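A, B and C are the chain letters, set down in written order, and residue numbers restart from 1 in every chain.
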Amino acid sequence: MKPKVAIFDLTDCEGCEVQVVNSKFIDRVLGGVELLHFRLGQRVNRWDNFDVAFVEGAVITTHELELVHNIRKHSNIVVALGSCACFGGIAAINNFMDIKEAKKYVYGDNADKIETLYIKPLPEIIKVDFMIRGCPIVPEDFERVVSDIFAGRTPREHTRPVCMDCKSKGNPCQLLKGIVCAGPVSYGGCGAPCPSAGMPCDGCRGPLEDPQMNAELELLKKIASRDDIIRLFRKFAPMAPIFKEVGGGKL
Amino acid sequence: MENIYKPFKSKILKIVEQTCDTKVFRLEVKDFKYMPGQFVELSIPGIGEAPISITSSPHEEGYIDLCVRRVGNVTNALHRMNVGDYVWIRGPYGVGFPFETIKGKDIVYVAGGIGMAPLRSSLRYVLHKKKDFGKVTLLYGARTPADLLYKEEFDIWAKECNFLVTVDSDKLPDGKPSGWKGNIGVVTTLFAKLGYSIKDAIGIVCGPPAMYKFVIQEFRKAGMPDSSIYISLERHMKCGVGKCQHCQINNRYVCIDGPVFNYADVKHLPESI
Amino acid sequence: MGKKIKKENLEKLFADIGKEYKIIAPIKKRENYVFAEVEDFSEIVLDYPMTILPPKEFIMPYKEPIFVFENGEFGEVIPNEKIALFALHMCDVNAIGRLDFVFWNDLYYKARREKMLIVGISCKPIETCFCKSTGANVLTNTCDLFLKAEEDYYVGFSMTEKGRKLLSQLYFGPETVYVREVKIDYDEKLQFDIYAIGKRILEDYNNPVWEETAKNCLACTNCTLVCPLCYCFDVIDETFVVPEEGKRIRCWDSCLLLSFARVAGGHNFRKDLKARYRNVYTHKFRTFVDEFGVPSCVGCGRCTTFCPAEIDMREILFRLGGA
């Protein structure tokens, strides 16, 4: 029997789902699975018990909260897809603001009609078996995790900082240019697309295991303002451990 | 030119379940010369490669036994395999126990947990050539009775050598009583039960990282010089041929200088135990 | 004994080499210098100060497949390319010579290296250089052809048969120049007795320098990646969906990573960054010396130049008492 697979999305940009489509998923996996739910990719969707459910996006409404509990109940393996699911993502900027004012700023007079929860990463709401990090995810990571799950292996965690991806491409160091960069403390494996394009790393994949955050902050303080540093760690993985504290002003 | 990373194919001849997470795999080999204490790199294509110590004795021909605990992807995949399936191996690597030096002497083996695997190879070899060695003792400790390896050989060991076994706890992993009637306590508590002097014996240790220090203390207390103590060390030997640096302990490589070291040679070496 | 070559004739040499080899040479990329494949001689910057990555990536790439799995069998992927490394500084040339010690019985390394042509060139040592201390400032036979810069010409020295063949070409002038020894000589700011440091580095295990440096170190691995002699590697099986179809990949690793000395089951033998950082030095100045008689450092200064935390290797060596 073919494994039953679902891809759900919550509050997000659907970018990670696009990356799923960009991966070899359609070519190599789709024929071997029963894709029961994929709102972005197919018209007819249905619920069943899923072998693997991928969840993209942040939980921001009570409806979404119920949905993820439901997904957990119906799924053997739940994979958090992308940094919104893994670490709250862009939407979790809310957590650092006065919610009332933020809503008023965005929705004006309709602010009262809009519901917004304090945004928790998916692993703090339901049990998540694996995380595929990134904003967006990289197709290779998705392919690898899918392969591992189907082969019954535990997906390997990346243990290398973004700096390793970056320097292996021969890029000059952003920090040495005086640009605020989260590369040394950030979870690698992305291939460093940002520094390769001349942009610093925003740490979208969250912290590396054992990040040297003290050393990183000491260094950043020499080249940037407190606000710049806070902004950097609040950007894409604001609710990730360690980033959360720095983004919250503990530096 | 020979490819030092290329493994050869080997058939699984036999699988013996030891505990809930440990099995012994018998692999078919031809003209495979090794000494107790050496290890092989075991490959499963697409999963990876892992260093595993040999647990059989060189006098057994046509096969090697690997005692494998399920801890990573390679070992998990191996545990799912069946008799008749193929794995890939290369080796043997490293240096084993120095039997030339040990010859004629008493031996005290101290094994903890999966550390029994390489020591069983050595013990089996020594018992096979019993007249070449003095009195042989095996002190063996495991977490619970359910974690003891090679239970089927306990009777033989009890007959052929001075065999003492202990468990940290007589409860089974699920907390239920096991009916264990033997010793309870860490492996070092067995030293008090030896009843003879091991001052002039050779001490051989293999176990979890935390164990070495305490066992060596006991050896020293018994008057054994450091140069009579041999330790078999665990590291993640990725290449097995002294290149990848993963098993390096300062200026020694576990994969080519070890895994068996004379304690006197490495005791000054930080990070060794 | 060397032979003169006019600056304008270097292009002829380049073209000649290009007939047989893919040429890798230093070029300018934005504000930095890198080694890259070059087809046009004018792209090359002959008087470059320092490239970011050393040329090691052309002998052992960051990621290279060593086996392909075909129906569960191991198929070898043997590299088959003739590469010329053109205009290498003495330190980078000698770093390759020292890598040869480690990898000469490695099929993949040797396949590339044996077919390789190495052309060295004079350099102007910069502030962070200390090749003299490491003994890597002297011409060795790792270099097929060395171009020593003079006022308005170069003197070519051949150290191998491949080099002699090039030196016999007409673009090298007929007259010979006699030189006793070809080496890079300059006033080294800090000079170290590398071997003395290596001898006592294990006894000096608790030197406060390790603790202090580890506080600033980001464990970003930049220093080990830019090092021409950091060669440790990891081996990973990469597959997609079907495990029988995939590759076994060899990939650069770094002993600064927490995962480096971890064993199955989770125990880590070098958990503290202090121990991991120290390991870089104990390997370079002790382990490698014990194995091959020279340090696995050529004093190229890249680790110091490209450290985002501005940790200066020379300062550490100085504090280890080798000055």
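As a working rule, a residue touches a chain if its C-beta (ideal position, glycine included) is under 8 Å from a C-beta of that chain, and two chains touch if they have at least 3 such contacts.
Please read all numbers here as calculations on a predicted model, not as lab measurements.
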Self-check item: Of B-C and A-B, pair with higher C-beta contact tally
Solution: B-C
Quiz item: Measuring between mean CA coordinates, which chain is farthest from chain B?
Solution: A
Quiz item: In angstrom, rounded to a whole number, how far apart do the mean CA points of chain A and chain C lie?
Solution: 37
Quiz prompt | chain A-chain B separation of Cα centroids, rounded to whole Å | solution = 43
Quiz item: Measuring from the mean C-alpha position of chain B to the mean C-alpha position of chain C, what distance in angstrom results?
Solution: 39
Quiz prompt | For chain C, residues that touch 2 or more chains besides their own | solution = 236, 239, 243
Quiz item: For chain A, what residues touch not just one other chain but two or more?
Solution: 151, 156
Practice problem: Could you list the positions in chain B whose residues touch two or more of the other chains? | Solution: 46-47
Quiz prompt | chain B partner contacts - residues on chain A that touch it in the complex | solution = 151-154, 156
Quiz item: How about chain A: which of its residues touch chain C in the complex?
Solution: 24, 28-29, 32, 143-144, 146-147, 150-151, 156, 159-161, 163-164, 167-168, 170-173, 175-176, 183-185, 209-210, 212, 214-216, 218-219
Quiz item: Of all residues in chain B, which touch chain A in the complex?
Solution: 46-47, 73, 76-77, 80
Quiz item: Given the complex with chain B, which residues does chain C contribute to the contact?
Solution: 66-67, 69, 72-74, 76, 102-103, 105-107, 110, 202, 205, 231-237, 239, 242-246, 248, 253, 255, 260-265, 267, 269-270, 275, 279, 282-283, 286-287, 290
Quiz item: Which of the residues in chain B come into contact with chain C in the complex?
Solution: 1-7, 9, 43, 45-50, 69, 71-72, 75, 86, 88, 208-209, 234-236, 238-239, 243-246, 248-251, 268-271
